[in-house]
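Shared between the two complexes below is chain A, which pairs with chain B and chain C, respectively.
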Partner chain A sequence: MRNSWTIFKRELRQYFVSPIAYMVAFAVLVLLGLSFNTDLDYRVSNLLPPEGTLVLSTFAFLMVFFAPLLTMRLFAEEAREGTLELMMSMPIRDVDLVLGKFFGAWAFYTVILALTSVYQIALLWVTNWDADPGVLRARLDTGEVIAAYIGIWLYGGATISIGLFFSAVTENQIIAGFLSMAVLLMLWVGDIAGLVPASILSTDVVESLRVISLQSHYSSSFLRGLIVMEDVYFYIALIVVVLFMTTRLVESRRWR
Partner chain B sequence: MIEVKNLVKRFGDFTALNKISFKAYEGEILGFLGPNGAGKTTTMRILTGYMPPTAGQATVAGHDVFSQSLSVRRQIGYLPETVPLYPDMTVRGYVEFIAELRGVPDRRTRAREVLEMVGMSERARSLIRTISKGMRQRVGLAQALVHDPPVLILDEPTIGLDPHQVADLRDFIRSLGKQRTVMFSTHILSEAEQVCDRVVIINNGEIVATGAPLELRQKLEANSRIFVRIQGRAGSKAIVKMLTAIKGVRHVAEYQDGFLVTTSTNQEIRPRLAAVLMENGLELLELRPMAVTLEEIFLEYTQGDKLA
Partner chain C sequence: MDALRRFLPNLTTNKLVRWGAIGGAFALLFALVIFLSEGELSGLGFGFLIIGVLGLGAWVLIAPEELRDWLSGRQVYYGTGTVVLIVVVIAVAVTGYAFAQRQNAITDLTEFNLFTISEPSREAVEQLGNRMAGTGFEARIIGFYARDELRERKSAEFLLRQFVEEADGWLELEFVDPEAQPQIARQYGYGAVSVRGGTGSGPVYLGLFSPDGQLVTVEPIGSPGERNVATAMLRVAVAGQFKVYFVRGHLEYDPELPTDIGLSGAATVLPEVGINIELLDLPVVDEIPPDATAIVIAGAQTPFSQADVDKIDAYIQRGGRMLVLADPPYIDGRIDASIGTNTFLLEDSPFNRYLWNEFGVRLQESIVADSGSSVQNEFNLVPGANPVIEVTSGLDQVPIIMPLVRSVEVVETPEPETNQAAYRRDVMLFTTQEAFGERTLQVIDLANLASYDEGEDIAGPLALGVAVRRVNETELDIQPRVVIIGDTDWLTNLFIAPEDGSSGVAGNILLWNNIVEWLTRYSEIATIQSANRPDLLPLVLTDQQQSRIQFATLVLLPGAVLGLGLIVWGIRRRH
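Let's look at the complex of A and B:
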């Protein structure tokens, strides 16, 4: 555990000295800011209640592309630079290395996720001035927003574990990033499988695709303010399984 | 400290190490000598717990490298061939990071100490990406020394350094060898001769010779060799015959623009050789003993490795 902590600290610090992490944070905020602004404008002019979860569902979609950017270097870079050889001859277990890296990346993800709270603060601000005309009429549903944050946080952990896995697959960061992006996108669109008519795809297939889709486990629960334990377990189990596979993959380097 | 017995490592069909055995004793500097691709790095990777052997046994300080891998790794400081550095960290940050992973109690002080030892104190705050190749090597060495390991394994530590840095590093390795077991690989023979107490020569995954540099030399000097050059008679078969007839000569071969005469040990045949040539009216241009260097021992033992 102590060793994981050491790795964790280094990985997290590494994000703050790496340009790509700042670029991801910047891109996330710009893109979310645009959609937030458009939505807010629309709601204000149509006298609709505020919707705090909109930025989060957009954010979740962006993670399909940004999680690989954050994770692709984790193992691939070390393998190429030769530092992985050093790490693997340190008196630490392979699982410590995997856990340290995973939590380091997840912590940085948490930081970016926390940045999106500016939009919630903005919503709280505009919805609290009841007397002022031209602002939103209803208050922000903070309970719903908090549940959504928990869901998106767990979902982010899952995307990062998958990115970490592919980073351990290859020494090439681009390939690692591309593979995890492809897989995350497939897991994302799995949800849409429900739209395919039963005559084309049997409902069993559709249902199993939907069950493993990452989106379906927050869109109908956390995003609506519900904390469904089934979905919490889904993400945790997914993370555990993928981290286990990653550990075995790292170990397998020794046998090659 | 290091004991390797019948170690085998296969990568698929390729046998990288074929039943190698050797020992490194406490406080000894062991040179691991061999051409590129001989199996030096593979052996070191097995000893450092990076990869398990296919068969055979290796122990470091009494711990088995496979079943007690973590204990072995604690005993070893390892500098791989490509110095494993994180370019975005500072020199001190990096050494402290390794110290923390190694469980060094007072890592700040210890990091300062080892950086002092390798002469990198002044650049402790620099980012690793900004320092030169020689400095990187020294930082890598600081990393390997940070937990004061009883066994130090260095994979081609002098590669890519300028002659001045190489000399410094050799001195440094020699000073390290006083308190601990150092095993270092090289394909530079004079280096092994200067630094090591003992050398192990490896070729094509097999140990071909072991011994002190001096011992190995003496073994070969059992056949001492003399180079003879005669005016206008390079490559003459008649002369080969004439020389072979001299008592004490074991073998005569054409060599460059003269002849290479191999004699039995302790047979001083130079006067007789000169006399025979005079008698036959030949003009002797050159007569000199050929010193045996580690280079030749190496070539002799790794001959099968020539390019076709």
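Let's look at the complex of A and C:
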């Protein structure tokens, strides 16, 4: 575990000294800011209640594209530069290597996620905290927002684990990023597989696709203020399975 | 083969079958995908299966040493171990997921517990459970969701599952794809136009099944909200507990007659909302049945005897509910209008005296003409409705049409300690100032009646309908309520459900619904009230607040991150 911790610190530091990571964070925040303000303006104009989870829903979709940018270099770059072989020759278990890199990326993702709390603070400022006992004011459902954050944090972990897996598949960062983006996109749209005509996909296949869809375990539960055991389990199990596969893949370098 | 070798000089038979084996493996994979998506192996799938078997078979037959080497090789040894391990881990994960799914463990973090069924809903489940206990009946919540609505289905499932758990065994939950199983959808009336409106429009239904598995009751739930589900359960639970008797024996209007002069339109609405209807031959029975939620006296033509009145009084004293509809005497009758034989509720009749002495209300021997608010002629009234009382709330903006109406007299100040003083009287329907009550009713020609005779006729404005209830209505279940209206025609099929299939008069239909609800308290008992939800109040922002938020979220936050990135980039460049 000490090795994991060392690798975790190293990876996290890498993010904070990498301009790419800042660019990713900047792009995410600009897009989320636009989404948040557009929605806010729409709600004020149409006399609708505040909605704190919409921005997180947008964030979840953006992660399909940004998670690969955060993870594509993790193994691919090390493999290309030969440092992976060097690390594998050290007394470090493969699982420590994978866990260290995964938690490093997840921690950086958590930092970006924490920055999005500014939208919730803004909403709380104009609703719950601005409450005048004599006046009926709109309220932000903080419980719903908390559930949505728990969900998107787990969802982010799942997207990062998939990105990490594809980074271990190839030495080419671009290919790793592209592959993970394609798979994440497929897992995202699996939620709407029912729109495909029955002559192409049977209902059983549609239901199976929904079960493995990343979005379906988030939008129907966490985003509505519910913590559902099966959805929590899904993300954790997905992370564990994909990290296990990544570890085996890294290990395969020893006998390939 | 030789021709191929000319283009590919390095090609050997072994290489060819090796590629054939790879192609065969992919073909088998395609066949599997087709089998999974179509549920059967179609022609295309079968074709891929043949290609796969041939490709792999050729490799095994032509290059068996390659297969042997491959199987005993280092990569296969470790690779197989890895694949087996991964499959085992995935299998464990899938099993765990199935287990987690069965647990139905849900934590509702919403501030207003939107997905946790409340106490009134639990009581509704208990009430339906009690009703079904020992009957062998079973209930099922059915949600109709097509394959492109699986997301909505999952959202609905969280709440519906809680009702099922609360029911402790007698309630099941089932989802049906209406496109795949249209016969079930038809059975429930899914997709059909709802005649009841309200909760009827939505994909979720409550079905009751007899012990032999027959669907006997369908109650539309509508959208899968907690209030809708609980209300539907209450409706089924209380169905049959409400009974309205239509009194007969005095040539009353017929609630079974489907022509324009019948009341079948008004009567048939009641069973649709769970209220049973029956006929009551008042002169014959000893008493009004104790299960009568309300009685309706609709347009009797002959007087009520003192014995009839005593039965009504006994019923009222034990908390009975009564609707009295009376047409102008002599002039508006169905025995033979030309000779004017309607003698119901004449001013000195026992029943009219009872109404006055008990409630402080009586029907006057008059026909009301109102030039200020009428259609076609001044006897077809469009009365005003009192918006501040429950029984006519919402009716002040919807016209009601009442032809040939008699006026109702209401005591101004009841004597203390009298029966009248125990009741509160609210005028429901009234005329304009220009109206008057013509008292010369023996004359047949209505055209000759339309003039006000000072000292003889009754000056407007006049009351046309009155709602009566106890002054202190504390014990709601045993307190009498009475509605008295000086017309019956407004409730006939001509105005509620015309024979020609045209729609009825909206105001008349609403008035009937309101009266039934007010008398039976059906809605109060069979409806879960909506909770107060401050989180649904609209967001209000000042321009200054909005500008500040825009600056913080669009400029300050991304700018700070970008600035930090540039500093990091600068430092790295210097190094």
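As a working rule, the second predicted complex is superposed on the first by the 242 of 256 C-alpha atoms of A that agree within 3 Å, B and C clash if a C-alpha of one lies under 4 Å from a C-alpha of the other, contacts with A are read in each partner's own complex, and residues count from 1 in each chain.
Going forward, a residue touches a chain if its C-beta (ideal position, glycine included) is under 8 Å from a C-beta of that chain, and two chains touch if they have at least 3 such contacts.
Just so it is clear, the model here is predicted, and its values are computed rather than measured.
Chain B and chain C, once both complexes are superposed via chain A, fit side by side. In the superposed model, A:Ala25 makes contact with chain C only, not with chain B.
In the superposed model, A:Trp255 lies in contact with both chain B and chain C. Computed from Cα centres after superposition, the angle at chain A between chain B and chain C reads 160 degrees (steps of 10). Once chain A of one complex is fitted onto chain A of the other, the partner contacts of A:Met90 are limited to chain B, with no touch recorded for chain C. Look at A:Gly151: by the touch rule set out above, it reaches neither chain B nor chain C.
When the two structures are aligned on the shared chain, A:Pro68 is found in touch with neither chain B nor chain C. In the superposition on chain A, A:Asp41 makes contact with chain C only, while chain B stays out of contact range. In the overlay built on the shared chain, the residue A:Val17 is in contact with chain B and with chain C. Contact comparison for chain A: of chain B and chain C, C touches the greater number of residues. Looking at the shared chain after the overlay, A:Pro49 reaches chain C, while chain B stays out of its contact range. With the two structures overlaid on their shared chain A, chain B and chain C come no closer than 5 Å at the level of C-alpha atoms.
Where the contact sets of chain A with chain B and with chain C meet, they give residues 17-18, 255-256.
If you check the complex, the residues on chain A that touch chain C are 16-19, 21-23, 25-26, 29-30, 32-34, 36-37, 40-41, 43-44, 47-50, 115, 118-119, 122, 125-127, 136-144, 146-147, 191-192, 194-195, 198, 200-207, 210-211, 216, 219-221, 224-230, 233-234, 237-238, 240-241, 244-245, 248, 251-252, 255-256. For chain A in complex with chain B, the touching residues are 2-3, 6-7, 10, 14, 17-18, 81-83, 85-86, 88-93, 254-256. Considering their complex, residues 36-39, 74-75, 78-79, 82, 85-86, 89-90, 93, 96-97, 100-101, 103-112, 114-115, 146-151, 154-155, 158, 177, 179-180, 534-541, 545-546, 549-550, 552-554, 557-558, 561-562, 564-566, 568-569, 572 of chain C touch chain A. By the touch criterion given at the top, residues 11, 45, 48-52, 70-71, 73-74, 76, 78, 80, 82-89, 97-98, 100-103, 143 of chain B touch chain A in their complex.
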